[in-house]
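Both complexes shown next keep subunit A, but they swap its partner, so subunit B is in the first and subunit C is in the second.
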Partner chain A sequence: MSKVLQKSVPLLMILPGLVLAITIIGYPIIDLAWTSMQEVSRFGKLSGFNGFDNFAEVFADPLFYGSLVRTGIWTLAVVGGTLLISMPVAIILNDDFFGRGLARVIIMLPWALSLTMTAVVWRWALNGRSGLLNATLMQAGLIDQPVEWLATASTAFTVEILVGILVSIPFTTTILLGGLSSMPQDAYEAAVVDGASGWSQFRYITLPLMKPFINIAIVLNVIYVFNSLPIIWVMTEGGPANGTDILVTYLYKLAFRFGQLGKASAISLVMFGILLVFTVLYVVLLSRNEADAAPEKDVKDEI
Partner chain B sequence: MRSKLRRSILYWLVLLPLVVVILFPFGVMFVTAVRPRAELFVYPPTWGFSEFRWENFSEMWEKTNFGGALLNSVYVSVTATVIALLLSIPAAYAMSRYHFSGKGAYRTFLLMTQMMSPIVLVLGLFRLMMALGLVNNLNSLVLIYAAFNMAFTIWMLQSYFNSIPRDLEEAAWMDGASHFTSLVRIFLPLAVPAIAVTAIFTFINSWNEFVLALTMMRSSADYTLPVQIYAQVAGRYQVEWHHVMAATVLATLPVAIVFSWLQRYLIRGMALGAVK
Partner chain C sequence: MARPFKTATALAALSLGALGLAGAVQAATVIDFTVAEYSSKTGPYFQEVANAFEAQNPDITINIEVVPWDTLLQRLTTDVAGGAAPDISIIGTRWLLDFASQGIAEPMDSYLTPEFKSTFIDTFMAPSVIDGKIMGLPVAASARAMMVNMDLYDKAGVAPPTNWDELYAASQKIAALPDTFAFGLQGKDIETDAYFYYSLWTHGGAILNADGTSGIDSPAAIESANLYLNMINEGLTQPSPTNYNREDVFNLFKQGKVATIFTFPMLIPQIKEEAPNLRYKVLPFPEGSAKATYGVTDTLMMFADSDVKAAAWKFIEFAYSDEFRSQFDHGEGFLPVTKNVAAEPFYTTDPDISGFAAGLPYAQFAPTIANWEEIADVTVRTMQQIYLGQVTPEDGLKATAAQINKIRGL
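Let's turn to the complex of A and B:
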């Protein structure tokens, strides 16, 4: 009897948290699945099963495809740009130079500001008449007329991607730095002895050894960026004319502005599916890394 | 030595554009927060301004109901953090010290919940809170923040708990102490720094959250800081940008300083938990 009790101790310890998580995270998923197959009135009343009508409506909606394509561009551009900038920055920050401490603090600064606040500040900085970006460019003599940054969709979207890259750099650099600092020094020393150039050291030693960290950085960033609402919402609310809408902003508008709950839950489920693929990818990557990192230890013991 | 100097100059030159872009919004924030209202919309736009108007901050405090939003934010963030920790500490301890069936499945479940972003579930969450009668009630945010932060807190705590040697507890058991006594008298005191760091990050996450607060809080008296500041900007014909920036400075600065200071612990926890 006491053995049973002993065995249930750890389960009792995780139980309360599990109950909360299942209620708050599990219930909405089921509710969304349920709602997505219902006819929903404008006042949020479910008025009967309608099969996959909501999904059909979503897949016939040009705005959905527009948002989907922009979500792809947004995710790809932000994650790609972030990685391209973060890699050299991480390599620099991992090396020894004067003022490295200060450089690290500055590079990490955007992380300390919440996305909402960052977006609010940029919305003002990009103000078409008196924004300080226009002030900077005009005072530097680069432009002689103020630019309406957020008034046309293509410029606004580009600017939002750049802000997205800026705020993703600290996190990505951190992961890459973690990888770089665990790099075996003797491999580089051997390469230097063999006369390898800086580029081939990077290409043939750093890059292969960094691969697991780069993979993690990519997957995590894809998940975060794909889901990120505040930057676009605060700066343009998906406008002008839906020109900067991505799936999350479109979903939010449908649900809370236009009251199209059935359609919104269908989009939620589509996004949930996409996200699930990335999450599974992440779990697989993690367990593979773990197996790589601890080959001599009993891996099962840790998991 | 000379090569280090040369390298330093080269590195700083490479980093310079990024450093400028990173510091730019901070400059915008401070310069706008202290400039007189009349100098907001000048043409041609300029960085310069005639005087430091520190009264902007006190004016803003009264006009934007900053104090009320501040209290809401403090209440939500503190309560959510306490609940998340109370539920996570035993779970993380179980993960760190016990073998039990379903541990692997639980770990995967935690990972999944960490990846599930609130925005995808926001409509379901809203309907859940409607059903519970908690819309327009700050406690809805408390519950959601606690639940969504738990994967992170359990993960962080577990990785730190793993680094606390078992020997100490085992020695106490030898001396006849019960598991509970050893947990309270020996383990928890050693774990205090880890718990504190985890608590601060949970607090900051809740403090910064925007989408859910925007969705669940329908009346302006219940707004948390991010929503309150957003409400000063969105859908207004005349935005008082000097007040908005002053509010942004006040809402952000304390948290940003603490975050920058504690960042290395976050990195360490992530390195232990995520990447390794």
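Let's turn to the complex of A and C:
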């Protein structure tokens, strides 16, 4: 009896917090799911259950599929690009050199700006006639005609991805830097003694040891970037001709411009599902990999 | 240990009590008024009106909230959905039908005295009438017109055009001038569709046919779209119109880089302030087979859920006094919606304002139909595809008309 009580005490103690967390996280999701199966007026009044009509409408909408594909490209390109750049940046910043503090501040600074402001500044810089970018490129003699960066979907989307990468770098670098500074130095010293090149050190020591940090950076970035509205919204509002719409900009338009709250909540739920599946799959793959490659076992085998 | 806690509790209780007391003392009527931000002058202006009203009616407090146009509809949507709607609000007339059909707008017929009603210009009252009921009062109005840069026209040795053929011929000459664009064409963001309607209407087309179906694929519409497309292809517009929203095009005009634009009266105060040396002229839209301009009104709406309608109406009548209306119209550069202000000499003799007002007898208004925002967005998307050369005007407009008819359930 007392044993049961003892065991349940910790559970009981976290219960209030758990209930609170579930309520706060769960309520909006349940409400969203409920809304997505209703006919909703443009002012959010539920006017009756309509089953999966909203979902049927979403899946019959060609703009939804276009946005879905672009969301995939956007997430992949931004997260991939961010990691590719953040890794060397973090390694450089981890080395001790004169002015490292300043360099770290400069890398982190964009993080302090709101995403919307960054996007507004870029929108100005990319303006075809009066933008800073065209002026610079023309003075450098790289182009002789101003380029209208945001006028066509292909250039606009590319530029937006680059801006997306730029604003994701500070956060990712921070995570990786944290990982690097906790790295055991003796492994490197041993490698240097064995005559390993810089690349081999990176490939066979840094990368494997950094894996958990890279993984968390991937998961968090995918979630943030997948859901990120401000950059695309401020720079092109998903235009021209819906050519830069991703799911979240399309959903925002549906909900707050066209007043189709039912359809918007259906898309929102689909997005939640995609992210959930991604995260669960990723975590499962991860834990399986770790179980396969338990480091102690390897060491024992070699001995 | 227990003492500080007790003290804190006592303090909290005391302050709560004080709050309750304060609430009881100030049991005045509070009117929540959401104001759309036309310019930096809008907020202070309405605050001034509210202060004057409160001075006369100490038992009523006006709570003004200024919201930018871009987020106004979203804001009202969430307010209504959350049960926190204001008592009165300025809205775009194009949204009024949605508000009225959901029972959110309060009909005003029972409040409007014949005397008050007669102060409004009928043309501007008409768009607020839905199913025979007056659902709102016109609060601001503008009409559109063509604006030309006389320096550029003189330099090219051409006269300002009166019809599309003349505009086309003049633009060819002006485009040959160095570092100059002949025709400013908007291709991005809000009202990209309106820039197309200007051409559509003057070519004799209409947004909706008589039977309610979309008129966006009529021969007049295809002709209008082809005209813009030819102007782009021949280099008569600024390059890549899809990168230029309304303000971008107007800025080119202020910089003296573009010779002809279609614009609204609110640009005049801006030009006077930012480009005082610009020699411009306000002219009617070029004619095709018809005369037309775009009349736009905004509406003052009362919410059906409001508990303080009588007080709100009192404030509305107060705010529509000639003195305040005149100050508002002058400050924002609008056309007057009340007869007394319209009769001021300024609105009949000033060449700029009268140039805009001249079109009112044949002004077209955006149709008051449900889902207008979505229909406008579909149209904008098609215009962008046409300007980018992704579809031909014939194919693009045919598909758009079908889509609009589907949205309208026809």
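One rule holds in what follows: the second predicted complex is superposed on the first by the 244 of 303 C-alpha atoms of A that agree within 3 Å, B and C clash if a C-alpha of one lies under 4 Å from a C-alpha of the other, contacts with A are read in each partner's own complex, and residues count from 1 in each chain.
We take it that a residue touches a chain if its C-beta (ideal position, glycine included) is under 8 Å from a C-beta of that chain, and two chains touch if they have at least 3 such contacts.
What you see is a predicted model, and the numbers here were worked out from it, not measured in a lab.
Measured by the number of subunit A residues touched, the leading partner among subunit B and subunit C is B. By the document's definition of touching, both partners, subunit B and subunit C, reach A:E237. When the shared chain is aligned, subunit B and subunit C each come close enough to touch A:R129. In the superposed model, A:G179 lies in contact with subunit B only, and not with subunit C. Once the two complexes are laid over each other on the shared chain, residue contacts for A:F258 go to subunit C alone; subunit B is not touched. After overlaying the two complexes on the shared chain, residue contacts for A:Q139 are found with subunit B alone; subunit C is out of touch. Under the contact criterion defined above, the residues of subunit A that touch both subunit B in one complex and subunit C in the other are 44, 127, 129, 146, 237, 256, 261.
Contacts from subunit A toward subunit B in the complex involve residues 7, 9-11, 13-14, 16-18, 20-21, 23-25, 27-32, 35, 44, 85, 88-89, 92, 95-99, 103, 105-118, 120-125, 127, 129-136, 138-139, 146, 166, 169, 174-175, 177-179, 212-213, 216, 223-224, 227, 229-230, 233-234, 237, 248, 251-252, 255-256, 261, 264-265, 268, 271-272, 275, 278-279, 282-283, 286, 289-290, 293, 303.
Taken in their complex, subunit B has these residues touching subunit A: 4-5, 7-8, 11-12, 14-15, 18-19, 21-29, 31-32, 40-47, 83, 87-88, 90-91, 93-95, 97-98, 100, 102-104, 106-109, 111-113, 115-117, 119-128, 143-144, 146-148, 150-151, 154, 179, 207-208, 210-211, 215, 226, 229-230, 233-234, 239, 241, 244-245, 248, 251-252, 255-257, 259-260, 263, 267, 270-271, 274-276. Of all the residues in subunit C, the ones that touch subunit A in their complex are 73-74, 77-78, 80-82, 98, 102, 104, 187-189, 238-243, 248, 252, 257, 371, 373-374, 377, 380-382, 384-385, 388, 390. If you check the complex, the residues on subunit A that touch subunit C are 41-45, 127-129, 146, 148-152, 237, 239-242, 253, 256-261.
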